[in-house]
Structures are given as C-alpha cells and as structure tokens.
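What follows is a set of structures for review.
In the two complexes below, chain A is the common chain; its partner is chain B in one and chain C in the other.
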Partner chain A sequence: MRRRLLLLGTVVVAVLAVVAVLATGLGRDPAATASPLVGRAAPDFTLGGINGPAVTLSKLRGQVVVMNFWASWCTECHEEQDALDQTWQRYRDSGLVLLGVDFEDTSDGAKDYMHQSGLTYPVVEDKDSKTALAYGIRGIPETFLIDRSGRIVDRIIGRVDADRLAGAVEPLLKGGTE
Partner chain B sequence: MRGRWSAAGLVVVLAAIAAAATLGLVAVRGHQQPASRSQQVQQIASGLHCPICKDLSVADSPAPLAQQMRQQIDEQLAAGRTPDEIRAGFVAAYGDSVLMSPPRHGIGSTAYYLPLIVVLGGALVVVLLLRRWRRPSGVDAAEPNGRAPLTSAQRQALRRAVERLREEEA
Partner chain C sequence: MAFLGTYGLMLGLVLSVGGAVTAAVGARTDRPALVQTARRIAFAVLATMVVVDGAMLAALLSNDFTLRYVADNSSRETPVFFKVLSLWAADDGSLLFWNLILAGYVAAVAIRFRRYRPPTFPYALSVLFGVQAFYLLLVNGPARPFGTLAQAAADGRGPAPLLQNHPLMAVHPPFLYLGFIGFTVPFAFGVAALLAGTGSDAWVSIIRRWTLLVWCFLTVGLVLGALWSYSVLGWGGYWAWDPVENVALLPWLVATAFLHSIMLQERRGMARLWNIALVIGAFALTTFGTFLTRGSVLSSVHAFAQSAVGPAYLTFLGLVLLGGFGLVAWRLPMLRTPARLESTVSREAAIVGNNMLLLAATAIILLGTVLPLVVEALTGDQITVGGPYFQSALAPVFLLVLVLAGTAPLLPWRAVNRERAVRRLRLPVLAAALVIVGTSLAGLRDLYAVAGFGAATLVLVGNGQEIASGLAVGRRHSGVLRTLARGRRRYAGLTVHIGLALLAIGITASSNLAEQTQVTLRTGESTVFADHTLRYAGLETDQQAQRVVLTARVDVSGSGPLTPRMNLYPAASEPIGSPSIHRGVLRDLYASVISLQDDGNSATFRFYRNPGITWLWIGGVVMALGGAAAAWPARRRRAEEATVAAERRRQFSGAGVV
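Showing the complex of A and B:
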C-alpha cells in the first residue's frame, strides 16, 4: 500500500513539474521579455541621414539618446509621433538627442511621411537592417534609451507617450540612470 | 496469461532500448556537416526564430528581416566566424528566445533532461511490473514447493488432528 502511494505521489509530482515547465515557457511572450542589451553598451553604428547628415552613435557620447525605430507604413509609429516631437522640443537644449531610425522602408516613403507630419528630429536610414538586428528589433515601434555613457538603460516596446518618456529621460539628463 | 504479459513487457523494454540507442547514436554523430556555404547558412538559419514572425525559422520565413539575417549569416561565415559565434551574436541581441531549440542551461535544460528522466522512470516501472508478473500468483514466498498455503481454518483443523493423534498415542 505504501509503495503504491509512493508511486502515485511520484507520478503526480512528475506531471505537475511538466505542467509547470510548459506553463512557464508557453505563457511567456518572447517580444515582451527584457532585452539582453539593457545595461550593456549600445551597439555602435553609422547611418546615413534622411533629413540631415550621417550619424555615428559613438559620437553622441555625453548626451542622452532616445532612439526610435519606426517606418512610414507603421500606424502605431504615427500615433507616437507627437509624443516624440514634444520630447525632442522640450529637452533638446538640455542634452537630449532624439534619433529616428527608419526601418524596412523606402526613402521616398519616409521623406513623404516626414514632410506631411512635420517631424523635426533627425532621422537616419537603416537600409540593410543591420542596426535593427544589432538592437534585437522584433517589430516597430521600439524605442531605446541610452545614457550619457553610451549604455542602454531601457527598451520600450510599442507606442510611447510623452509623460512616460519625460519620466525616463529627466533622471538621465540629470546624470543618473533611470 | 502471465507469459503473454511477460512477452509484452519484454517488447516494451526492447523498444525502449532501441529508442535510447537511436537517440544516443544521433547525439554522438551529430548533424550531417553541410557541404557548401549556402547549406551552412541554411543550417544556421533553420536553428533561429524569425524575430518578427510567428513560429517560423529564419530559413523558412520570407520576411525582409529574415532575409537580412540570412545575408548577415552568409557575410559572417565568409568573414571566418564559426556557426557558434554567429548564433551567439544573435542571442546577444535577442536573447535565448531567438533559438529554435531551447538552450542547454537554465530552465531550457529541462527539455533535454526531462525525456531522459521520463524514459528511465518508465523503464523502472516496467521492471517493477515485470517482477510482479513473474512472481507466481497466490503462492506465498514461504511456500517453495509451489502448493497453495493453508487457510487459517485448515491450520486449526490440522492442529486439532495432530493433538488428537498425540492423545491417542499417549
């Protein structure tokens, strides 16, 4: 009788363990997991500008960088446009660089959208998606916050709002991390 | 009936041994080495999740980002990087979830060890059942001659008969 109970207990524990492992793994959205890049040095790049000169990230060291991956065909990117512009206008004189990175888009499409929307911050073109791959992009919009030392301190998946951005950017501009 | 169960148990054990041997052989031999660089690209790409797709590998996805990943793999192979280094580069940017197979560390390791534990557990259960089935049913271990043990009523009757014999002899 005791042996039967032991066997039954073992089977129940084994089944529960399998269910727990599957539930943990299947319930997790890979896109929502923290980027392994957070806390590390931001991968460097030099990309040609669409509305200005080429930009090399390492040359922006000493400034806080908000880097936003977007495309002209991305509806959600259009919806966050105002928040990004507001942030840029509000903090550009305090040491903030807002950089748009155009992802999987045509130059003409990007230029048309920028002209129509009145986008004012610098935008570069990631023609071969190498920068997107280096930053582990899973979809757009995605926004990275980089501190003055060139370290990624946060990744925001999806649309940003002005208040959240302000809350994240202000401590970085004061010299600390988020 | 007992013989049929024993034969079935033997078949299960042999099947388990054959499965374990096959898995062991595959593990030892590993995958077939690709002949050309494009095959090597295909092999590495088939082990990576397309980051913007649902359940498609980089090798199978027609998405532009997957195409860029295949091109990047090709460029890195041409530059002399090993497949492991290339995979590590994607893991550094995307995390372990970019791999089609779970990593061999952390919680992902359960995918490799759990089947082995289940197979060993199953083999143990089969062995225990075989031992039980092979034991002659209804025969007490203390009855090596194979005869059925006496019931308590028979024992009492026997005891009474022996006592009567002793009284008659006395």
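Showing the complex of A and C:
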C-alpha cells in the first residue's frame, strides 16, 4: 500500500511539473509583445487614399498620428470602429490625425464598408503590404501611436478601447511640438 | 442558425454529462437498464451533433454573415465546395466537426456492443461521454463557433487562400481527425479495464482492434497531409518537421509500438502494464498535440482571439495524465506479469526492441517540439529546432526499425533455432547486401542512403518471402484463400511491413537523390534540367470569381507541358503558388513559379527532380490497407456473438414459456 501511494505521489508530481512548464507557454500575452519599433522613428510611406488624397507620413510631422491597420473582412476591426470614430471626432481639432491603413483588401470592399459604417477619417491603401511589413504587423487590427516628432510611442495589438486610446493620446497632444 | 447551434451545443453538453453519470452508476451498481439508457444517449448526442454541424453548414452555404465564423471564413465568391470545407478550415468550426466525429465514435461503440457487453463496456462508455463533455464544454464557453456580430458583415473574408487551393483539403483533415479523435476509444477501454479491476485480459483484443482502425485512419491522414504539402505548397518537399506535423506523428508512433507489444500480452501474458501505459500515452499525446496547436501556445497571428481555450486544454491534459497514470499506479498489482524474456534472439526480444526504438523516436520528436517552449519558459530566449536535428537524430533510429521489421517476422517466438533462423534470413540478407554493394558501386556515397536502401530491401524480401512461402504451403493443403483467411493477422502485418519498405524507399530516394535548380527564363527561352529541355512558352491569365490565376506554361521535351500557377486572392498580399507535377514511377518532375517580371514576359522558376516520391504514397496506401485487413472482424468473433445472441433468445423464449 505504501509503495502504491509513493508511486501515485510520483505520478502526481510528474504530471504537475509537466503542466506547469506547459502553462508558462500560456502566460505570454501576444498583445503585450514588446515591439522593437516603440521608441523609434516611424517608417515613412506614401500611400494612395481611398476617400481622399495620398498621404505621406513625414508630412504629418508636428501632429499626433493614430495609425490603424484594418480591412473590410476583419470582424475584430468592425468592433473597434466606434472607438476609433469617437477618438477622431473628439480630438481632430486638437491636432490629431487618425489614419486608417487598409490591409490585404479590395478597394471596392473597403469603400462599401466605409460607406456603410459612416467612417469619416482618412483611409489609405497598402496595396502591396509593404507598409504592413515595415511595421511588423502580426494580424489586424493593429494600431500605432506616433508623437509629434514622428516617433512610435505605443503599439496596440487587437481591438482598441476608446478610453485607453484617449489616455494615451491626451498626453501626446499636450506635449506640444518638440 | 445561431439559435439552433447554440442551444444544440448546450443540449449536447447536458446529454453527455448525463450519459457519463448514467453509465458510471450503471457500472458501479451493475444495472443493465441504466447502461442501456446510456447507450441510447450516445445516439441522442450524435443526432444533436449532426443538427449542430448541419446548422453551421447551412449558415456557410447561405452566406449568413451575422455569424462571426462565417464572416471570417467564407465569402460570397467562395465556391460551394470550399464553403463546405470551411466547416473544418478554422479553429472554432473544426471543434464542431471534432465533436461530431467523437459523437460518431461513441455511437459506433454503442452499436458494436449492442449484444455482447464486456464488463469494461459501461465504464468505457462513461469515459467516452466524459471526453465528449469536455469538448462540448469547450464550444459552449471558451470557444463560441456560433458567436454573432453586432452588425452583419456585407461580405466575408473567405477561407485562407492556402486552404482553398486544393481539393485534398476535403479529405486530409477528416482522416486526421478520425485518427486523432479515435484514440479516445482505446483510452476509454484501457481506463475502463483499470476502473473495473477485472484481472482478465479481455480488454486487450477490444483495444487492439479499435487501435488498428484508428491507426489506419491516422496513417492515411498523415500520408494525405504529406501529399497536400507536396502538391500545394510548391517547395518540392512533403514534411517540414513543423510542430503541427510532429504532434500528429507522435501518437502514431506510440500506437505502432502498442500494436506490436500487444502481441506479447496476447501470446505470452507479458507486458500488461506496458501496454496499458502505451494506450494512455497515445491518447495523452493526442490531447497534448491539440493543446499545442490550438491552445494559442505557438505563435499565431490571431492568438489574442481565444485566450481561454489554452487553459481549458491544459487542464484536460492534466486530468488525462493524472487520471490515466494515477489509475495505473493504483492498479499496479493487477498489472504485474510474471513472464520474462527467454532469449535475446526471439520474436519477443525483437518486439521489445521495436518498442524501445519507436519510443526513442517519439522522445526525440517530442523533445524537438517542446524544447523551444521549455527554453523560453526557463530562460526567456526564443529558439527554433529545425529539420536537421530531426533528420540526424531519427535516421539511425528508423534504420534500426527497418532492420527489425525485416528480420523479426522471420524469428520464432520464445527461443531461436539457430539453423532454421539462418536459413530463413539467408535470402533477405543476401538481397540487402547486393543492394548495398550495387548502390555503392553506382556512386551513392551517403551512408544513410545506402543503408536505407539496403534495410528497405531486407524488409521487402524478408516479409515477401514469408508471405510467399506461407501461401505456397497453404496452396498444397487448404487453398490460397483459406490460408490467407486463417493467417489473416499475420499476412496483414507482413503487408504493412512491405508498405513500410516502399515508404522507406520513397523517403530515402527523395531526400538523398533529389535535384533542384532555379532559373529565370524569358518567353521562348529554354534550359536543360534532369534530361529534359524546359522552354517557357508564356503566361496565361484567367480571371475567376474569387481569384486571378496566372499560368506559366513550360514545354517539356519528351512529355506534356508543366503548368505551374500563381493565384492572386484579394485578401492575400502575396500570390499563392500552385506547383505543377509530372508524376512518375521512378521520378517526379516538379515546377514552381517563384516570381513573374516584366508583365509575365520573364518568369523565375524552381524545378525539382524528385526520385521515388510515388513510392511514398503507394507505401502509405499499402500500410493502411494492411492495417485495415488486420482490423477486420474475425469470423470467430462473429461466431461468439451469434452464440451470445442464441443464448439470449433461449433465455427469453424460456421466460415466455414460464
């Protein structure tokens, strides 16, 4: 009996050890992955606009840029649409540019969606995904915050939240031009 | 549809929990009526799953973009065929499909034991329902396949381009699932034997037959996966030692070990503990594989979408390991067997060797697959383990497996009669030696390649000789067919070995003798490769509803043209290539387009000459057929069941008279 209990104890300890090691793999939150881009100058680009003129990032220097990678097929993106609209309406007159970057999408699909959802901020088209590659996109939606000096200060993987975005944007807007 | 699906899943969960409890109580209190009720619940769960999967299918086919899953994995332009495949093309949907197959297995067990009910049956039914309850819990909480969108999407994304590029997607995943999920049945009967505590070995033949069936499915699934990789991905290979591939191979290796070691228990009463541990291990490995590939552990683009699934899988894996091996520890006295090996040169010893080697291969692959995870857990560093590790570590192990597969069937049980053994081994060893000398003289310098061809010859000739001599003797006495029927298990096993040899030839030839080249050709230009002149004839464009197909036509001297393609999907930044293959008995000629320049007036191709690949597919088919022949119900068992039925009838008619 004692031997059996000992053996049983060994099994329990071994299994718990295996589970513990595997559990560490779960602890990683991909959304929290530190991006090597944070703190660096945002890679520049010029992309054609879908609902307006072409946009060159470096020409927006002096303004705070919220850059959101999205696509019309991305259901997660639809769900963050309200938060982005709110942010745009609230801060557009205080020196914020919200820029949608349409990723792996068709122009027609994007236009249809923008028309339906009443999206009003400028959207550009990343036709060959070069910009997405330059920013190391893992999946969409992904949102980058760029300060007035053109430096990336934050990267949000997954859906954005209006309050979190406001909390991140306001200090940047107050920071003035560096 | 969302309503039907959501409530169907809830109903299924309630039924499964009810079934598990009913069967368990029926087993503990020995009440056949309860067990009969549990059997009926199995059919109810299956019916519910059919309705739920049907609801998802209907949603996919009717473009119901209020469902998130449909919006994410289908689109208006997706052809109907690929809309159907979307049912299992992504995580949430495939869990529905998983539940359907599992419910099918539970119902199959309920049908199989409708009359003949071994004492392990009610316990096994309870375990099966328990596993089903877990997978249903998963789709009722952490994963929500019928989750809806606040605002219906106008159109969906469509399936991932890679998954809508080849019809093999229709058969590869279902076979793999049949294999993977099927391990639940042997596991359930193994645990049932431990729970029931019957000292008898009656569970052995039940588990053996189900494991064989599942092994066949998994064999076909793995081979189809390799065929898909080869025919779709365009890199000229078929196995990349990707974690998702590895975790499918692990339970296959353990099940193969079990199918050999089970003979020790059947014939000699040995290895009872070992066998039950293998059955539990195989199921634990399938659970581990599911956790690793679906639990968001591996880096994945959409890992953030489902963070709750991983912990659920891990908890389940913990329960399986604890429950399974805990029970083994608890029932240890029952599992002890007295028999010992009598000789180191005997069938038993060879089987022990086979098990050691197969488990060594399992350990090597497991280590390479989890090492990055463990290292990251301990040091925070990210590492990858690549193909060279697996190839160099596994080549010697698999070579020895081949040597055993070629010689062990020629060795007698217990102890060897040296003279007889030498006589039977003479021809196969001679043939292998000839091949080794021949390939060396022909200029083959790679040690493993030479040894691989030699060992495969040993297996082919050794097992072929056994079949031939058995049939020759049989023909004189009772006729070929009757001999085959009587020795079905033995001939089936030898056939599997022959399939293995063909597979080994394919792998050895393709991984050691392949050639490749990369060239850029302008329209009308040609190059010489693998004894053919290859001329780029030009580009054709075909605008299809869901994609644009660019076909580069390459005229091949002495045979038809090769037509590798590039497919442009709207939702993909890079074009998805489709290779073009001239398959042959001796070698395949394989072409991929790497890039197009100058409006298609210039194209960069990669051409491969892959010898022996066809034998890999043939070998896989032969192995699966052999396995199926071994699993086929024996006449004796049918007779047994007929006796049971007759006994019942007698009892009942007797009761009627009274």
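Definition applied: the second predicted complex is superposed on the first by the 143 of 178 C-alpha atoms of A that agree within 3 Å, B and C clash if a C-alpha of one lies under 4 Å from a C-alpha of the other, contacts with A are read in each partner's own complex, and residues count from 1 in each chain.
Heads up, the rule we're going with is that a contact is a pair of C-beta atoms (placed from the backbone, for glycine too) under 8 Å apart; a residue touches a chain by one contact, two chains touch by 3 or more.
Fair warning: this is a prediction, and the values are worked out from it, not measured in the lab.
Novice: What is the contact status of A:Y135 with respect to chain B (first) and chain C (second): first, second, both, or neither?
Specialist: first
Novice: Comparing chain B against chain C, which has contacts with more of the residues in chain A?
Specialist: Of the two chains, more chain A residues are contacted by C.
Novice: Applying the touch criterion given at the start, work out whether A:E79 contacts chain B, chain C, both or neither, answering first, second, both or neither.
Specialist: After superposing on A, A:E79 lies in contact with chain C but is clear of chain B.
Novice: Quick check on the superposed pair: does A:P36 touch chain B, chain C, both, or neither? Answer first, second, both or neither.
Specialist: Only chain B; A:P36 stays clear of chain C.
Novice: Considering only touches as defined above, state whether A:E104 meets chain B (first), chain C (second), both or neither.
Specialist: Touch status of A:E104: both partners.
Novice: For A:V19 in the superposed arrangement: first (chain B), second (chain C), both or neither?
Specialist: A:V19: touches chain C, not chain B.
Novice: On chain A, what residues does chain B touch that chain C touches as well?
Specialist: 7, 10, 18, 21, 24-25, 30, 104, 128-129, 132, 138-139
Novice: Show which residues of chain A lie in contact with chain B when the two form their complex.
Specialist: 7, 10, 14, 17-18, 21, 24-25, 30, 33, 35-37, 43, 104, 128-130, 132-139
Novice: Going by the contact rule at the top, pick out the chain C residues touching chain A in the complex.
Specialist: 68, 71-72, 75, 149-151, 153-158, 291, 295-297, 299-305, 307, 310-311, 314, 317-318, 321-322, 325-326, 328-330, 332-333, 370, 373-374, 376-377, 570-574
Novice: Please output the residues of chain A touching chain C within their complex, sorted ascending.
Specialist: Touching chain C from chain A are residues 4, 7-8, 10-12, 15-16, 18-19, 21-26, 29-31, 71-76, 78-79, 103-106, 109, 112-113, 116-117, 128-129, 132, 138-139, 157-158.
Novice: Looking at the complex, which residues from chain B come into contact with chain A?
Specialist: 49, 51-52, 64-65, 68-69, 71-72, 90-95, 97-98, 102, 107, 110, 114, 117-118, 121, 125
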